[in-house]
């Protein structure tokens, strides 16, 4: 019995283990794709319902296709102002935060100075503080200095710069660390002063990192709800507008704006992926 | 005629109160076609903060008619979800003497906020000289405790608090006991964030009197509600925003205001509303003019809505109880069946079964803090 | 200008730092001071007085320890869920996705491009009691006749996990991507079993990514209130909800401020412990 069973079992095992390996390989793929579907599901719902034509007040149930929401995206009172405010805050705060953050990153990476680790800590702390605490502490500052600060556009701007700076520092720092100082030294040897060297050599080299940092900053700013909610007074950014609407009824126009932001961001990102792919091919071709 | 009324003059005249009604020329200056008459302070836009489902929507809407008549455009914002949250939102600027970019906002008399706003000086006196239609205000509403002479406020609507349910999801919910304990409703009911509404209904069902609140009856109500929260019976506490989940079936029943459900039937025809057997609550929402709002513009609008014909149209669109004399007749002209609408013209029997929350208990800090704890705030 | 920089090299770093650090000090450190000041006040709105009211802290803790505990519990579960979902996915992207890598990476960050509140509201749509998902689950008896997903702990935790997923996935991906595939080949030769190779080589090498991802997910999750507010009930209320409501609804600033401090304190202590365990450099980079 055993003699007969042995070879059969071992061959089955061989087959089985091959099948097991095969399944394992595909199980991972299936699992990965399932997670991707999970990530995409709400996005699909948001975009789908931007084309809904609700009969009553609520955009919950699919009731028919229409383009009206896209054409009349700003027909809801206040939505356009909110989007404009979001864009203004986002642009302003990003520019300021990118400059401030890049300067800090340069100081930290390039120089050894007393207080370097304290600086590191000051940069790191805001990122490790929950948004609600960041927002709340700023609010207490503004509440106690009402003679100087009135809640509104300015306070939103201040808050956004504050929480973007740290992210800029981290992003630019990463680029600066892997950066060849010999290029700058060569420029200085050739007679360029520090400012010229910065303008002609350093800046072009860290520009991609600054761009990446500012894109991240802009994304953080335009999406921020918690800190803005606490410090906005009666000024509305797009997320604040959504919160107000969510308490009443979410009109499909909100889905339109959210979908538009999403599609623009994805188009930019895809463009970037394509561009990297092309330049990678080009360098490959060159070598 | 005095075409250049300054703000100070207007305010002074407003303060002079009823005596001004004797100067019809003034009324003419700003009453009808004031938009093109530059009175200095009369604006061509009115920013109006109101609650959800609280105005007519059938075209031409009363807002459109107002613009047609006066040239004043109305930005109508559904800003207010519940009294406390909206107050918290606007108090910052008001406290600093700044405007909030609104000319009219609305607070309920069963919250502590109308009297708080008046006491703090964060609202402005209405200009009665611009509101000749104020004579249509019903007597019952002429002398509320928070504003005895109606110097600052005028009623928008009154309404009742009862139970709404979705008849596809549950049998009729007619008692608070059923609301709190029926296992088939577990996790499918919501209460209101408004203390007076939720606590009032609970007191009535506990056999207590919500018109004179004691800490004993209050605690009893708290433990009833607290138990229902702990058991998972109550899904959530909402402001006006219970309407969405109620309409889409996430809620089988909700503590709800009388006029909302009729309007929600456009979204969900299965919704019903009634007072619980132990009785319901009644309250009145009041228009007020916040600091920075334009008194002449706001007063002009108040005058407009105190015309019975206009008030009738608004009430037919949002079926609540109007405080304007002559609405019934005006409504019947538009729709002969209107007189039987129990939401707009509740019967004597209904009115004998609704109660006003004890106004002396509204400012009790302990009650407020306890209530915030129960509602998860 | 140029010579100025040359002559004062010692000053340069401070000049570079000045604007940014000033901003962070004024609008991050100073506000923390004000938060402390507010947390020791007493009285009720609108009249607060500074009275060294230390009992605010003990009161806040004893009244809201449930919400505090819940915040860390939910954040912990959500972080674990993110890890379980993210690791296989980014592993697959890093080693199996081939030319599609960047596209799938984009899929990971895609939710970020949809406004936070809007994507959370989308879950409200998807999980609705009368929606297709719940109906399907009822039909196949995963949920009872009256079962629901919305307004449950499940909804809140999965909402948090969904919203902070990219924070977990991206750092792990970065650490996996840096692994030299030849090392994996060598490991497979040595350990023979791919499971062994994974446990002894891949996993340890991706540990920095896991550390970073866990922190980046856990910290914001612990302070979140949007998911509990939109997808939960008062029974799922987290400390963020209390702080938010105390500040913006009930105007009880002292309690809100002391709760904020308690939350931040617990997180900082946790961070310090964590830093001891995994090494500080890994945390501050």
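A, B and C are the chain letters, set down in written order, and residue numbers restart from 1 in every chain.
Throughout what follows, a residue touches a chain if its C-beta (ideal position, glycine included) is under 8 Å from a C-beta of that chain, and two chains touch if they have at least 3 such contacts.
Here the structure is a predicted model, which means the values were calculated and not measured.
Engineer: Could you see whether B-C or A-C has the larger number of C-beta contact pairs?
Structural biologist: A-C
Engineer: Which chain has its C-alpha centre farthest away from the C-alpha centre of subunit A?
Structural biologist: The most remote chain is B.
Engineer: Between subunit B and subunit C, what distance separates the C-alpha centroids? Give it in angstrom.
Structural biologist: 40
Engineer: Can you work out the whole-Å distance between the CA centroids of subunit A and subunit C?
Structural biologist: Centre-to-centre distance between subunit A and subunit C: 14 Å.
Engineer: Which residues of subunit B are in contact with two or more other chains?
Structural biologist: Those would be 89, 95, 248.
Engineer: Hunt down the residues of subunit A that sit against at least two other chains at once, touch-wise.
Structural biologist: Correct list: 60, 143, 246.
Engineer: Identify all positions of subunit C at which a residue touches two or more other chains, and write them in rising order.
Structural biologist: 128, 248
Engineer: Write out the stretch or stretches of subunit C touching subunit A in their complex.
Structural biologist: So the residues of subunit C touching subunit A come out as 1-3, 5-6, 10, 12-14, 16-17, 19-21, 23-25, 27-32, 34-35, 37-38, 85-86, 88-89, 91-93, 96, 102-104, 106-119, 121-123, 125-126, 128, 162, 165, 215, 219-220, 222-226, 230, 240, 243-244, 247-248, 253, 256-257, 260-261, 263-264, 267-268, 271, 283-285.
Engineer: For the complex, which residues does subunit B have touching subunit C?
Structural biologist: 84-85, 88-89, 91, 95, 120, 184, 186-188, 229-230, 232, 234-237, 248-250, 365, 368-369, 372-377
Engineer: Give every residue of subunit C touching subunit B within the complex, in rising order.
Structural biologist: So the residues of subunit C touching subunit B come out as 44, 46, 63, 128-130, 146, 148, 150-151, 233-235, 237, 241-242, 245-246, 248-252.
Engineer: Could you pull out which subunit A residues touch subunit C in their complex?
Structural biologist: Per the stated touch rule, the residues are 28-29, 31-32, 35-36, 38-43, 45-46, 49, 60, 99-101, 103-104, 106-107, 110-111, 113, 119-126, 128-134, 136-141, 143-144, 158-159, 161-162, 165-166, 169-170, 173-174, 193-196, 219, 222-223, 225-226, 229-230, 238-239, 242-243, 246, 250, 254-255, 257-259, 261-262, 265-266, 269-270, 273, 276-277.
Engineer: In the complex, go through subunit A and note every residue touching subunit B.
Structural biologist: Answer in residue numbers: 55-58, 60-61, 77-78, 143, 146, 150-151, 233-234, 244, 246-249.
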